[in-house]
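Here chain A shows up in two complexes: once beside chain B, once beside chain C.
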Partner chain A sequence: MRDLKAVGKKFMHVLYPRKSNALLRDWDLWGPLILCVTLALMLQKSSVDGEKDGGPQFAEVFVVVWFGAVTITLNSKLLGGNISFFQSLCVLGYCILPLTVAMLICRLVLLAGQGPINFMIRLFVVAVMFAWSVIASTAFLADSQPPNRKALAVYPVFLFYFVISWMILTFTP
Partner chain B sequence: MLAQKHALDSNDDTEDVSLFDAEEETTNRPRKSKIRHPVASFFHLFFRVSAVVVYLLCELLSSSFIACMVTIILLLSCDFWAVKNVTGRLMVGLRWWNHIDEDGKSHWVFESRKATPQDSKTISEAESRIFWLGLIACPILWVIFAFSALFSFRVKWLAVVIMGVVLQGANLYGYIRCKVGSKKNLTTMATSYLGKQFLRQSAPDGWTLPMRLLIQQMWAWCYG
Partner chain C sequence: MATPAAPASGVRHGAGPEWGGFEENIQGGGSAVIDMENMDDTSGSSFEDMGELHQRLREEEVDADAAAAEEEDGEFLGMKGFKGQLSRQVADQMWQAGKRQASRAFSLYANIDILRPYFDVEPAQVRSRLLESMIPIKMVSFPQKVAGELYGPLMLVFTLVAILLHGMKTSDTIIREGTLMGTAIGTCFGYWLGVSSFIYFLAYLCNAQITMLQMLALLGYGLFGHCIVLFITYNIHLHALFYLFWLLVGGLSTLRMVAVLVSRTVGPTQRLLLCGTLAALHMLFLLYLHFAYHKVVEGILDTLEGPNLPPMQRVPRDIPAVPPAAGLPVSVVNATAKAIAVTLQSH
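Coming up: the complex of A and B.
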């Protein structure tokens, strides 16, 4: 189906960031929604009884991702960027993909028990994926800013992905 | 794109569907009252109503908050996609989307299908009624849920409820813009309509008057 193919194409563009406009021209928010739900599901603490299960953590991931993306978009628009609201949300949402992959790997690594070696592996994986996310999103977003404002527009993106990476790294089941 | 926008404008000028006179039958198109797309009509209502039902019955259905939340999110997403891409086009001949041109500027395009004298293109009355009832009733329900979640301090449900309001409200707004047409301003139209009605009514009877006006307007849209 047309929409599914568009979403898949955008995922490939995030994994291999090239200077193309496909992410920017035809924006859609399905990818960010899928990634957000997947990340929120994986960040659940497993509880003993089903009553107090991870309701707040699920909503917390949602709020952090969407509110953070909206804030970054407002920031870049106030700095004079000529990117539209939904395009920016689209790019930021799709570039969460490397961090979702990192979350998957962390969960698998944590199955082998906890310890300092475990932690070093997870730290390395999360750091690599964090760098990948930041590079992918700045490749798309930096072009829309005037040249002397690029750093001002990019540092909130850095903070945003840092917070998500921190949530992933400090996750213990 | 521009040609289609002009079609929308000339459609507004020549079509004799008046939103302000609910009493008289102003249309001369042949009206069908059978349902031409039963699957589309079913799914239009199914996703919306089941999202509301799951939200209301979540405590009874399953003890897991996460499962309910994910189910409601999935149903809301499917409903948004279905109503925006499929049922609006099939049932009432309206569609809307966002287009980004070469300069990076975004345009919102709202279109309605021109009425042709051929039989196959007319809008069926029953489908139109189902469409607009489903489209208008559900966002109102989600707004009521938002207030009830806020005031009864069930804040963890607020994320889902706000998502419901935003998604269904977006569809409602898009289709109303399609129906009204790109030239007319929504607020001026609403105020001029209410102004006319208040002047016409000689003895306004309190709070039932706005309700009657609202229902009249809704039926006018269903027939129009």
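Coming up: the complex of A and C.
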């Protein structure tokens, strides 16, 4: 119960990013795991038709998220940041929450059929959530970098969330 | 009289328990030689003895006085005990040395701080290096400077991966064995690391003054041109535009790399070999990236425009069921045969 409350509190911190240390101080990897598994499950194609191979979707998303987070962490450490390995993993994992919400909304919107208006709505939602993710993670990670190198640490985060947003946007069930 | 006698007897008593077993064996009979050998309990592996000794020392930490007393008693061990103690000391030293070496090696290789100096860059530096990678410098008389950093090249490779992914998804590429992500990452990293190593090897053969790190950085920054070209042409599907950009942008970044290498190589044959290989590989890679992951778009455009059935169909379409020719079971007839049958039927 205590862990669940901690996870819930961190979700709130991500949704309303303020300059607080709660995400960094007591890190945990439950939230990122739940979010990653949810995202990977929702990105599964229905492999009924044998022409399009929808099998590796789960493993692909999982590997992309975790290895991407590890790479960004190593990069920010090498650039001279004073953040620990797991703290950074925790922040990056929690900031996938807006993109998971975007995935849910996209799924609901896709129920109404596909078309150009449909695509525009999904594009708008995913773009907004992508910006939210990047801003949220920047708010937590940028403080740990030397002041003149913030852009160098933020760019890989931008790429990481861009790849995940792209996977969400181009998903068709 | 009593005082000198007491220490003497004390010594004898001190030696008594140690030599007690020996005296008993002598009294026992003629098998004294064998028993003496059995008494030597340091004949096993000294390391095991070391481990045992350390274990015992740890347990005896509580009653340290008793341990000290026992060590004092054990000094008077005689010939056999002395040899055992020597081998124990040697084993102890070897163990300590081995432990020190192992921990040093571990801290050396598991330390990512080795890579730290290669990431020591400012955003302004990265920006200027990106722009410079498109500007070939004509001065080839003395070696041009190559920045040895890994941040820019690594970020460019990841950007190329992202752009490739975007292109593959747009053109609906179907990868049978493997995943889109795996293919993109494998292609880009394989090119960067593989071609860098190959050109470094050629540079070694041609006596060029370039280190592996510099080669990695040079090729990494050369991918900036690729990123630009692919980003534009994956969104605007015009062949003429692609060829123009291929020559212009790809050519510029290749010329820059070639100029750097020429300035660091002596001899016309070597220069030709090295720079020709690099130019060919770099330009061909861009061609490959555009066409391998983009062909399907062509197929879709063609089938949308013309009523004629193209010979190779990449887009699955509904082919109406046709009664097969006499003698052929239904399962043998494949898509092409069905399509031809439909065309023949429609005439």
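Here, the second predicted complex is superposed on the first by the 166 of 173 C-alpha atoms of A that agree within 3 Å, B and C clash if a C-alpha of one lies under 4 Å from a C-alpha of the other, contacts with A are read in each partner's own complex, and residues count from 1 in each chain.
Definition applied: contacts are C-beta pairs under 8 Å (C-beta built on N, C-alpha and C of every residue); 3 or more make two chains touch, one makes a residue touch a chain.
Remember, predicted model here, so these are calculated numbers, not experimental data.
Enquirer: Is A:N75 in contact with chain B, with chain C, with both, or with neither (first, second, both, neither)?
Expert: In the superposed model, A:N75 contacts chain C only, not chain B.
Enquirer: Pick one for A:F86: touches chain B only (first), chain C only (second), both, or neither.
Expert: It touches chain B, and chain C stays clear.
Enquirer: Scan A:W166 for contacts with chain B and chain C and give back first, second, both or neither.
Expert: In the superposition, A:W166 contacts chain C only.
Enquirer: Of the partners chain B and chain C, which touch A:V37 in the superposed model: first, second, both, neither?
Expert: first
Enquirer: Return first, second, both or neither, reflecting whether A:P156 touches chain B, chain C, both chains, or no partner chain.
Expert: The second partner, chain C, only.
Enquirer: I'd like to know which partner A:V63 touches here: chain B for first, chain C for second, both or neither.
Expert: So A:V63 meets both chain B and chain C here.
Enquirer: Which partner chains sit in contact with A:N148 here, chain B, chain C, both or neither? Use first/second/both/neither.
Expert: After superposing on A, A:N148 lies in contact with chain C but is clear of chain B.
Enquirer: List the residues of chain A that touch chain B in one complex and chain C in the other.
Expert: Residues common to the chain A contacts of chain C and of chain B are 51, 53, 56, 59, 63, listed in rising order.
Enquirer: In their complex, what parts of chain C are in touch with chain A?
Expert: Touching chain A: residues 112, 115-116, 118-123, 126, 151, 154-155, 158-159, 161-162, 165-166, 169, 174-176, 178-182, 316 of chain C.
Enquirer: Could you list, by residue number, the parts of chain A that touch chain C in their complex?
Expert: 51-53, 56, 59-60, 63-64, 71, 74-75, 77-80, 148-149, 151-152, 155-156, 159, 162-163, 166, 170
Enquirer: Using the touch rule from the top, collect the residues of chain B that touch chain A in their complex.
Expert: 63-66, 69-70, 73, 77, 81, 85, 98, 100, 103-106, 156, 158-159
Enquirer: Please name which positions on chain A make contact with chain B in the complex.
Expert: That would be residues 3, 24-27, 30, 33, 37, 41, 44, 50-51, 53-56, 58-59, 62-63, 82-84, 86-87, 144 of chain A.
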